[in-house]
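Okay, so chain A shows up in both of these, paired with chain B first and chain C after.
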Partner chain A sequence: MPDQLTDAVILGGNRIPFGKAGGAYADASNQAMLTSTLDGLVARFGLAGERVGEVAAGAVLKHARDFNLTREAVLGSALAATTPAYDLQQACGTGLETVIQVANKIRLGQVDSGVAGGVDSASDAPIAVGEGLRKALLGASRARTPLARAKALAAVRPGDLAPETPRNAEPRTGLSMGEHQALTAREWGITREAQDELAAASHHQLAAAWDSGFFDDLATGFLRLSRDEGLRPDTSVDKLAGLSPVFGKGEGATMTAGNSTPLSDGAALVLLGSPQWAAEHRLPALARFVDAEVAAVDYVSGDEGLLMAPAYAVPRLLARQGLTLDDIDRFEIHEAFASTVLATLAAWESEEFCTGRLGLDGPLGTVDRSRLNVHGSSLAAGHPFAATGGRIVATLAKMLHDLGPGSRGLISVCAAGGQGVVAILEGC
Partner chain B sequence: MSRVDVDVELLDRTPRVATSFATGVATGPGRPGARGELPARRLVLPGVRQDLPRLAGFCEVTGGLLADTVPATWLHVLTFPLQVRLMSARDFPFPMLGMVHVGNRMRVHRPVRVSEELTLSTWAEHLAPHRKGSTVDLVGEVRVADELVWEGRSTYLVRGDTPPGATAEEVRTDLGVAARASGPGRQVALWRLPADLGRSYARVAGDANPIHLSALSAKAFGFPRAIAHGMWTHARALAAVQPRLPQRYAVSATFVKPILLPSTVVLRTGGPGLEDLSVTDREGSRTHLSMQVDGPL
Partner chain C sequence: MADLMQLLTTNPLAKQLGVPQATRLRRGRELPSGPVAVGAVGGGTLALRTLELLGVPTRAALVDRPETRVTETTDDGRTREVPEAYPDSLGALVIDATGATSIADLEVVRGLLRPAMKGLERSGRVVVLGVEPETAGAPTAVATQQALEGIVRSVGKELRGGATANLVRVDLLTAEPTAPAELASTLLFLLHGRSAYVSGQVLHVGHGAGDPRVEEVLADRPFEGRVVVVTGAGRGIGAGIARTLARDGALVVAVDVPAGGQGLADVANSIGGTALQLDITAPDAGARIAAHVAQRFGDMGRIHAIVHNAGITRDRLLANTDEERWGSVLEVNLAAQIRINQVLLDAELPGGLDGGGRIVGVASTSGIAGNRGQANYAASKAGVIGLVRAMGADPRLAERGITVNAVAPGFIETEMTGRMPVATREVARRINSLQQGGRPVDVAETIGYLADPASSAVTGEVLRVCGQSQIGA
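Now for the complex of A and B:
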């Protein structure tokens, strides 16, 4: 092992435009989307037939048959079949966690290059059989005689035949993510107007980025999509104000389908390498991976909001790097819900939260809104859970490269289970 | 390979295969056979939008992966209704029942995207003597605007009907491909084919020939059980090498012996690469399909 860590640099990325659940990618499996996205990356960087260090990716909604999803995608791609791969899963933090994992391995000299990211399909989600039927089928497959098999199957009751579809609910609380976030939004007093403004800005800025060609070398068209399917360039605060709340109840409910991310399909991948590997392949580095942090909160007892973990992870990461919010040129805060972003910003501005919860001397500070999600984020692009990290890393790396060497970017992604994955990149 | 000297019959919709089959069966008796002439017509169907759910089903049934660019065998499937329409038409010299698809060649000039609108065309040519009878080629083209992107040539054998006056030198024996492999080769994959494979493939490929659908309907045509579509076997073998295919390539296949369903068969390679493949029984003693891709894979 080398005495000194090498740098891990981000060389680019590839994603397919994100689709709406049941939309353009309704017929595409996770494996199809991930393989196509990988092939697009391979084509963009001229890696056909090459063995890269590893490919790490994951999916949140995953079929049992996809136990080796990423390796299967590699075998179905133009990469050398000798490229190792593995699946990793950390809910919506999956994509960013794979980038951290690959970057760490590069820094340690264990691999010289790697591909990281993820894929998700809300359209092709697995449906499980009910517990009664599942146990009967398992019993029948263990049975040694036809009679025993018949007995095992006879235990099935009509009610057992109803399939179980995956639900967007926390197993321990029974609340959906939106219902959890509605509690947080109320606690922090996040207004409907502020949420709709953030949502409208996300759509307008993402549309402007597509129009300007910013995504030309970050995305490859897939099936019938050349842009994100849920993008509404012509939306406005007025239009969004007309929508009815869907999360939270009664008076004061603020969260609508317009300021919450839609269920989506898509895949995104990032190419990383050591500076030496990049030079050998004549690939310019966009950004350097600096550091990362993961925090978790106790949302089960109600001590903290489900999606508030990044509010803890970021201050810890900044402290370790000796940085403040003012040292960050670009913020990428994943828009699970508009109110998630706004509650996180409010927490960092709160003396009570920062002293009481974070143990700081005072507020962490204020995020300059002109530096936040400048090319839009998940509200407009959509949020195929495990694909979001890869989308954000590639987007931020390119922005930082455009800003110039030494520019800094912060990524913050909240995840189910009360976790938050955050990272810092530096422009090359 | 285009015949510019023939008339064009412009179609405004995809011909219904079932209707063509019915016409072909009803009007089969009394055709002139090898003494007749092939129709001097080209069927042209412009403005074809590809059916994404059906393509996804095709990829699933043939072991492929839905991607932005479509398999060459899918483009064959799109031209198949035109082939059947032409072969069942009254001016086609042979009765359609009894025409056996024995060989297939395709050339991909560039990857074709699923979102592209296609113009399909098909005509018949090269009525030739064969040691077992006669062969006819059904030739197809796929264009995007005017650009030729795909060519196909399906060779059909009509047993026991040789064109009059054929000399020994004219007699066709090859059917388009010469298997380079010798011996059973190396096993690449084992495929377990279910009894309902023919029905599954018929749904996505639109080829509901009764010999593929069930044991009962196959028996009516002299087969002990349903047989797998030759083009299914071809599509599955091509899907197995899909990640290695170049942007432009040609592939040819010979349908040697039918696969009776259900069945377990083996994909084999004749050499170190994957450009020379065959599908055989488990022992490697009986060859069902031989497939060659031009160029190393």
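Now for the complex of A and C:
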């Protein structure tokens, strides 16, 4: 083990355009999407036949057969079959958590390079059998005689035959993520107009980035998509204002399909390496991985909003790095819902929250909106859960590289289970 | 339907029914299996010296004269005079007609050709060597040299069984004559299976900067360690070009539009190259290609060859063609490569085109013949021909040993032509001397020949890869 930590640098990334659930990738499996994304990355960096340190990826909605999803994708890819791989899962934080994991291993010298990211399909979601049927089938498989087997199967009731599909709901509260967020939006007084403005900006900025060729070396077309399927370049605050609320109840309901992320399909990966590995492969470093923090909140008791954990993680990370919000040149705050971003910003501006909840002397500060999600985010791109972290890391690394050495970027991703994964990158 | 037509043209029963059968062509770096016969008109020696340099064994060609004919008895008992026959199938006939100056010399050419017409093996070769007619001097000599073209083009149409005929014009009567080492790569290409789908063509080999070494000419992997950029490499002919050049040692930078998708990654990964997603019409396209090369191959990394293969069609009768349909085709197929060349030809630019570098364009028989509904496409492809001729004549490029050439593919079997209506496709396949469509590899091999470091004396040429298609011939 080296005495000194080495740097971990981000060298680039690849994602496929994100599809709408039931859309272009309706029949694509997680493995197919992840493999294609990996092959695109390998081709971009000329790594065919090479062994990289490891590939870490994950999926939130996962079939039982995909227990070794990432390793299977590696075996199906142009990478050397001797490249190790593993799956990791932290809900919507999966993609960013894999980057943290691989970066940490590189920093420790355990690997010299790695690929990190994730994939998700809301279209090709697993369907499980009901608990009654499952127990009966397991009982029948344990039975030693035909009679015992018949007896076990006889326990099945018609109601047990209904399949269980994955639900976008928190197991401990029964509320969907949107319903949780509606509570938070109301608590922070986030207006419909502010949410629609953020959503419109996300679409316009992402469309501009595609138009300018920003994604030429960050994305590879897949099936019939060459751009994100849910992207609406011509949307406007007026158009968004016409949509009916879908989360929350009554007068105060502000969250619509327009200012909430749609269910999506897609995959995204990031290539990381030590500076030495990068130099040996003649790959310029885009950004250095600086540090990361994960926070969790008690949303079950109602003490805090489900998606508010990043509001806690970011101040802790900034404090550890001796930085303030003003030191950050680019903010990438995952748009689970427009109101999630706005509630997080409001919290950091709130003296009450920052002193009471964070133990600071005063408000954390204000995020310069011109530095926020400048090439759009999940509202426009879509949000295939585990793919979002990879999308953001590669996008931010390229932006920071364009800004120049020493520029700083902050990533914040909220996740189911009341967790928040955040990280800081520095431009090279 | 495609399969039905394939069945009809390859099934033995179909042959008995009189459906013309496509010969399976010899391809790759393979010489003909039979002997190579050499004959000369007027004392030319360049062909023989070049074949000796290449180490290709030769035999003297038979010459048909009245006194050499033999009497043959036909099945119905009648007798007739026939030319003396070669004892074994002939692999190729090479005629050095560089010394032909009179009409009487053309009779010798006939005498050399006649025994070979039925004596060639499958995918045999006829190569005639002449000089540029305008350098031949007296009007009769010019006429004689021009006559060779008529002979070769007719022979190409008469040969069967995948055999081809081509005319190579060299500089002999000029201040800088073509050396055997300079002719070698061309002669070898025309004898090899690499030229499977090139027939009835006339091409000029001049004098380049420095004679290639024979090991260079004979190298199986002429691009070893050299960077080659191929645009439009994600599919079809472009993928074939990338694969073929990689097979021959090239470090391929495979370029295609970002929207192209998986195809590009699959091609790049299968040949150990790199994928560069790029819209070639972007103003900074040339700079981005150079930056990619400089970055991936170091400060010393330069491009040996760029193949401008990317192209689009926006077919519509001219009566229905607006400025968008017109402009987009000219932009992608012509303007983009002009801009990219300008950038890469900067000798100081890291990752630019190397001295002794190669630029290869892709024209089309449509550019030569025009095509109904393709005025925009034909304009762009004819433009490529003009571009190549102009750059090929540029002394500043010649000084740096840079050659500029193009191929003009005819009907090539690709996913795109596979979607043509059956009848149209079958006509297109058949309307050439080889009576079949070409393959992407045929275009790729021809590009490989033009991009070969040993092809330094070939510049400003547009070589058709069309099986001697009637279109635009």
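Criterion: the second predicted complex is superposed on the first by the 428 of 428 C-alpha atoms of A that agree within 3 Å, B and C clash if a C-alpha of one lies under 4 Å from a C-alpha of the other, contacts with A are read in each partner's own complex, and residues count from 1 in each chain.
Methods note: a contact is a pair of C-beta atoms (placed from the backbone, for glycine too) under 8 Å apart; a residue touches a chain by one contact, two chains touch by 3 or more.
If you're wondering where the values come from, they're calculated on a predicted model, not measured in any experiment.
Q: Look at where chain B and chain C land on chain A after superposing the complexes, then choose clash or fit.
A: Superposition check on chain A flags a clash between chain B and chain C.
Q: May I ask you to decide whether A:282 touches chain B, chain C, both, or neither, giving the answer as first, second, both or neither?
A: A:282 sits against chain C, while chain B stays out of touch.
Q: Is A:39 in contact with chain B, with chain C, with both, or with neither (first, second, both, neither)?
A: Both chain B and chain C are touched by A:39.
Q: Report the partner of chain A that touches more of its residues: chain B or chain C.
A: When the residues of chain A touched by each partner are counted, C comes out ahead.
Q: A:222 in the overlay: touching chain B, chain C, both, or neither? Say first, second, both or neither.
A: both
Q: What is the contact status of A:75 with respect to chain B (first) and chain C (second): first, second, both, or neither?
A: A:75 sits against chain B, while chain C stays out of touch.
Q: With both complexes superposed on chain A, which partner does A:250 reach: first (chain B), second (chain C), both or neither?
A: Touch status of A:250: no partner.
Q: May I ask you to decide whether A:29 touches chain B, chain C, both, or neither, giving the answer as first, second, both or neither?
A: first
Q: Looking at chain B, which part out of 96-104, 114-122, 168-176 or 186-194 clashes with chain C after superposition?
A: With chain A aligned, chain B clashes with chain C through residues 114-122.
Q: Residue overlap on chain A between the chain B contact set and the chain C contact set?
A: Residues 36, 39, 78, 220-223, which sit in both footprints.
Q: Which chain C residues qualify as touching chain A in the complex?
A: 254, 258-262, 264-266, 268-270, 272-279, 282, 295-298
Q: If we count contacts the way the header does, which residues on chain B are in touch with chain A in the complex?
A: Of all residues in chain B, those touching chain A are 52-53, 55-56, 59, 65-68, 114-115, 242-244.
Q: If we count contacts the way the header does, which residues on chain A are in touch with chain B in the complex?
A: For this pair, the touching residues of chain A are 26-29, 31-32, 35-36, 39, 75-78, 220-224.
Q: In the complex, go through chain A and note every residue touching chain C.
A: On the chain A side, the touching residues are 36, 39-40, 42-46, 48-49, 78, 213, 215-217, 219-223, 226-227, 282-284.
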